[in-house]
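The structure under discussion appears below in the form of structure tokens.
By written order: A, B, C and D. Residues from 1 in each chain.
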Amino acid sequence: MKIGFIGLGLMGTGMAGNLLKAGHDVTVYNRTQSKADPLVERGAKRAGTIADACTGDAVVTMLANDTAVEETVYGAHGVLQNLPRKAIHVSCSTISVALSERLTASHASAGQRYASAPVFGRPNVAAEGQLFVMVAGAPDAIAAVAPILDAIGQKSFVISGTPKDANLVKLSGNFLIASVIEALGEAMAFVGKGGIDKRQYLEILTSTLFNAPVYKTYGGLIAEGVFEPAAFAAPLGYKDIGLFLDAGENLRVPLPLANLLRDRFLTLLAHGGERLDWSAIGQLAARDAGKS
Amino acid sequence: MKIGFIGLGLMGTGMAGNLLKAGHDVTVYNRTQSKADPLVERGAKRAGTIADACTGDAVVTMLANDTAVEETVYGAHGVLQNLPRKAIHVSCSTISVALSERLTASHASAGQRYASAPVFGRPNVAAEGQLFVMVAGAPDAIAAVAPILDAIGQKSFVISGTPKDANLVKLSGNFLIASVIEALGEAMAFVGKGGIDKRQYLEILTSTLFNAPVYKTYGGLIAEGVFEPAAFAAPLGYKDIGLFLDAGENLRVPLPLANLLRDRFLTLLAHGGERLDWSAIGQLAARDAGKS
Amino acid sequence: MKIGFIGLGLMGTGMAGNLLKAGHDVTVYNRTQSKADPLVERGAKRAGTIADACTGDAVVTMLANDTAVEETVYGAHGVLQNLPRKAIHVSCSTISVALSERLTASHASAGQRYASAPVFGRPNVAAEGQLFVMVAGAPDAIAAVAPILDAIGQKSFVISGTPKDANLVKLSGNFLIASVIEALGEAMAFVGKGGIDKRQYLEILTSTLFNAPVYKTYGGLIAEGVFEPAAFAAPLGYKDIGLFLDAGENLRVPLPLANLLRDRFLTLLAHGGERLDWSAIGQLAARDAGKS
Amino acid sequence: MKIGFIGLGLMGTGMAGNLLKAGHDVTVYNRTQSKADPLVERGAKRAGTIADACTGDAVVTMLANDTAVEETVYGAHGVLQNLPRKAIHVSCSTISVALSERLTASHASAGQRYASAPVFGRPNVAAEGQLFVMVAGAPDAIAAVAPILDAIGQKSFVISGTPKDANLVKLSGNFLIASVIEALGEAMAFVGKGGIDKRQYLEILTSTLFNAPVYKTYGGLIAEGVFEPAAFAAPLGYKDIGLFLDAGENLRVPLPLANLLRDRFLTLLAHGGERLDWSAIGQLAARDAGKS
């Protein structure tokens, strides 16, 4: 397929690399152009403008937040203006439900197609093409982009025909992960102050009831207390919990655990945690307990 | 081994059965004596009094709460008075850290040995001998009761030489499970009100990041909304979160997520939820959102 | 003074009436024009457009939320376009800190003056001219509008020369009031379920430590359980707590009690509480406790 | 009246002094006997034992917590053993609802009378005889101790004929005060980080909607950041919120704001706040926000 790819951060670079590896004709764009160099060396075409990345069958966007997606899509010379009729915008970024709904309407008006396809997985997983993809949109669009989803992920899940539904699932998934971080943070503050070795404790948890990767990954970071370099930075986690809460407000669903998580992120950021991995909120329970 | 077993509830019956199956000489005691009948049919000896269950190498207690353990151990004609010197009390109940410390001291004074050995697993797991056992105590005591632990569980983890440490781990483990229930409850209230099928949602979660039994078990109960009969009743979950918070107070560890959980249990119990499974707190987020 | 007044809701009608009573030349505007009738009978001039209300020395806006203020000020034929140079926009609405900052900049660019003057008090207090006014802005602007503030309030407090500071104070004040409602709600659920008469309880509180009007007013509503008609409707309280939290996010201040309040409002609104007074959140603690 | 007085802490000393001033025949007892010296100089009789303080018409206890009251009343040679039939135990300490119920039963069994009479007010208020007294018990007992209550307080409120009801009111009152501290703490962290002077802010609050002493007293302490010496120490506040929550659990009333308060106290105590005034929890919001 002829594919444009916009957004070459930690995640996007790995994803675009896997599209290349799968043999697609990939044109890459990033605002800071030098980030495209390694992919160009591996055979990607360099797009000088967003428009240059919108000449194929589909364009994938993998950007940091709503604002970046809005500028990329709605800006002068943006995706909306340049993508051919029938071509498909595959939005992999973690964005708000509201923006996903707006994109659905805008692309429909422009005669383009839109698939919402947020992903689960950290940068190393993206590099390995092992992401899990949540996808929602019109069946024909989803069928058309199947080769893209196959290249970037180990498995795709079709949520529904309504694009924003994939965003609901993605946001709730990040909430569930952050909940694990908080729960582990409190549990480790508790056993740690009680005199138990945190690594041994984690080993027990993850070889019994909590033998899921999410417990191993985040439990390990909290037990070691090492939060740099960030694979997923605290401001991004903060943003996602905010989007979850915003969507919850619109749905009129009180989410008290999500409130607690947001306060943890706010506290972390108020103390200079911008560059830390989001799992650093897992140390705040110990800090409140007078340990650190 | 010659073993006494006190407490034949949902969990204890399965555990004692597995001691029998492993070929041990088991004498069983329960306050309501008829509960011993099925085990007696399978070869257990019936103890008419607590003292009758204290004539072997070890006595296992598996009781509902601190009060039941206190009455059994410290009551007139209780375990403390009757257990031979050097014999071992294996306490499998989920009890307070404070009581575990008291038992440690009492048995030492009486020349008896004490191993704290709380377990993870619901009644069906206990019946299959597949519990996970957290054990702490003097190495000689733990070595001596290894055949018991092997019979009731799939694996034992030695936490430390200090009995109460196993209780800290057990209480924190139940907290982690209840945290999963709350997080799933909020996530399902959110996606459910957003129009997504809860069963499909759970299927996705548990085939990706959250492929641990705890998510499957409790997510299934919440998605189906079926909380009777209770495998682990709400008042027990409420009690355990209370014990976790009490221990946290003594350690001076604020545990905000545990507070949220306790309020969920209180709300459930205030609305007549005594007979429901503890996972019924996972429906309260939907109730607050006006769904039910 | 020649004054325009925009926004004739429960609050604005009383405020405009007091400007008339003080002898000012008042031109009133409301989107639903019939609301102006009683004031016109009392001597006010009727403005057919926003522009008609912008021909004097100052224009006061008293509107429901940010959106209404934005449309009124920034819309085609809005305040910004029509207010004469040097004339003053007095913004009494409870709006976001961000909008107050934007208004400050916009009016400065247009050569107009801006005073932020949010008020404390319910409709009956507004009708009596007994509001408390928080005012911030350039000293010359504040001095110029002193006759307006004197007419609508019993006392004005100059916060600072920076308009948004008055909004910070106003939002925090509404948070403090809502905190009183929540605290009374929990206390009354507690003593009520304990068998104590709520009215007698409130009488004791307000004749001892809590002899402030805010306890009497809201305690009385909660004790009686009468929340209609709304003097200040739940959606407005919800909005204000949201603005407080938004400003807190921007300032990086975690506000856990405010989160609790927002969840109370969300729960109330999820159960159809749109038309109730905001103090109806004070009944949710009792509801959680299985009462009422 | 011939009155015994047990417990000469910051509060008790002032209260006993006012009994003397009112002309009563007062015998004082304190475990650390030297604390009785100033009162003895003013005419009180010194009791060498608890029994010595139990020879009059009534004995007043003003002690730190449940344990102290239990030891004093139920200990060998305690109040229960020594108080004459028909004589009245006036319990002014802030104790648990459960202990108040136990005292009610015990004194009835012993043919003694019991009035629960917890008080509101800090030590300076106690010294001035200006406490507010919440009293509950049999009408004849309350009538008999009226001269005592008149001497120690500016006003007494008869809650009901059931002693524990006065304790419910007292505990809920301390919860309401702590809620004010928390709300002020969050509001001041908010406006403070927004650049507004905290003293000016408090001045505005307390001259408008929040003109109650509780806002002035605690707001002043938070604005100044001066928490030593403690008039009411943090461990006592922590204890009282714990008693409120315990009673709430027994009544099945979830109290989320009280949970937040308890976590504030736990955090304070985990950081060495034992000697600070309980209002020091009002600084924790600012600390979470990265200030102070």
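Note that a contact is a pair of C-beta atoms (placed from the backbone, for glycine too) under 8 Å apart; a residue touches a chain by one contact, two chains touch by 3 or more.
Everything quoted here is computed from the prediction, not taken from an experiment.
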- Using direct touches as single steps, what is the fewest number of steps from chain B over to chain C? 1
- Task: Starting from the Cα centroid of chain D, hunt down the chain whose centroid lies farthest away.
- Result: A
- Between the pairs C-D and A-D, the one where more C-beta pairs touch: C-D
- chain A to chain C, mean C-alpha position gap in Å, rounds to 40
- Note on the structure: chain C to chain D, mean C-alpha position gap in Å, rounds to 38
- What whole-number Å value describes the gap between the mean CA coordinates of chain A and chain D? 53
- Multi-chain touching residues of chain D, meaning two or more other chains, are 248, 252-256, 260, 263, 266-267, 270, 288-290
- Within their complex, state which residues of chain C touch chain A. 242, 248-249, 252-256, 259-260, 262-263, 266-267, 269-270
- Per the touch rule above, chain A residues touching chain B in the complex are 97, 120, 132, 134, 155, 157, 159-160, 162, 165, 168-169, 172-173, 175-177, 179-180, 182-184, 186-187, 189-191, 193-196, 200-201, 204-205, 207-215, 244, 247-248, 251-258, 260, 285, 288-290
- Flag every residue of chain D that touches chain A in the complex, lowest number first. 263, 266-267, 270-272, 288-290
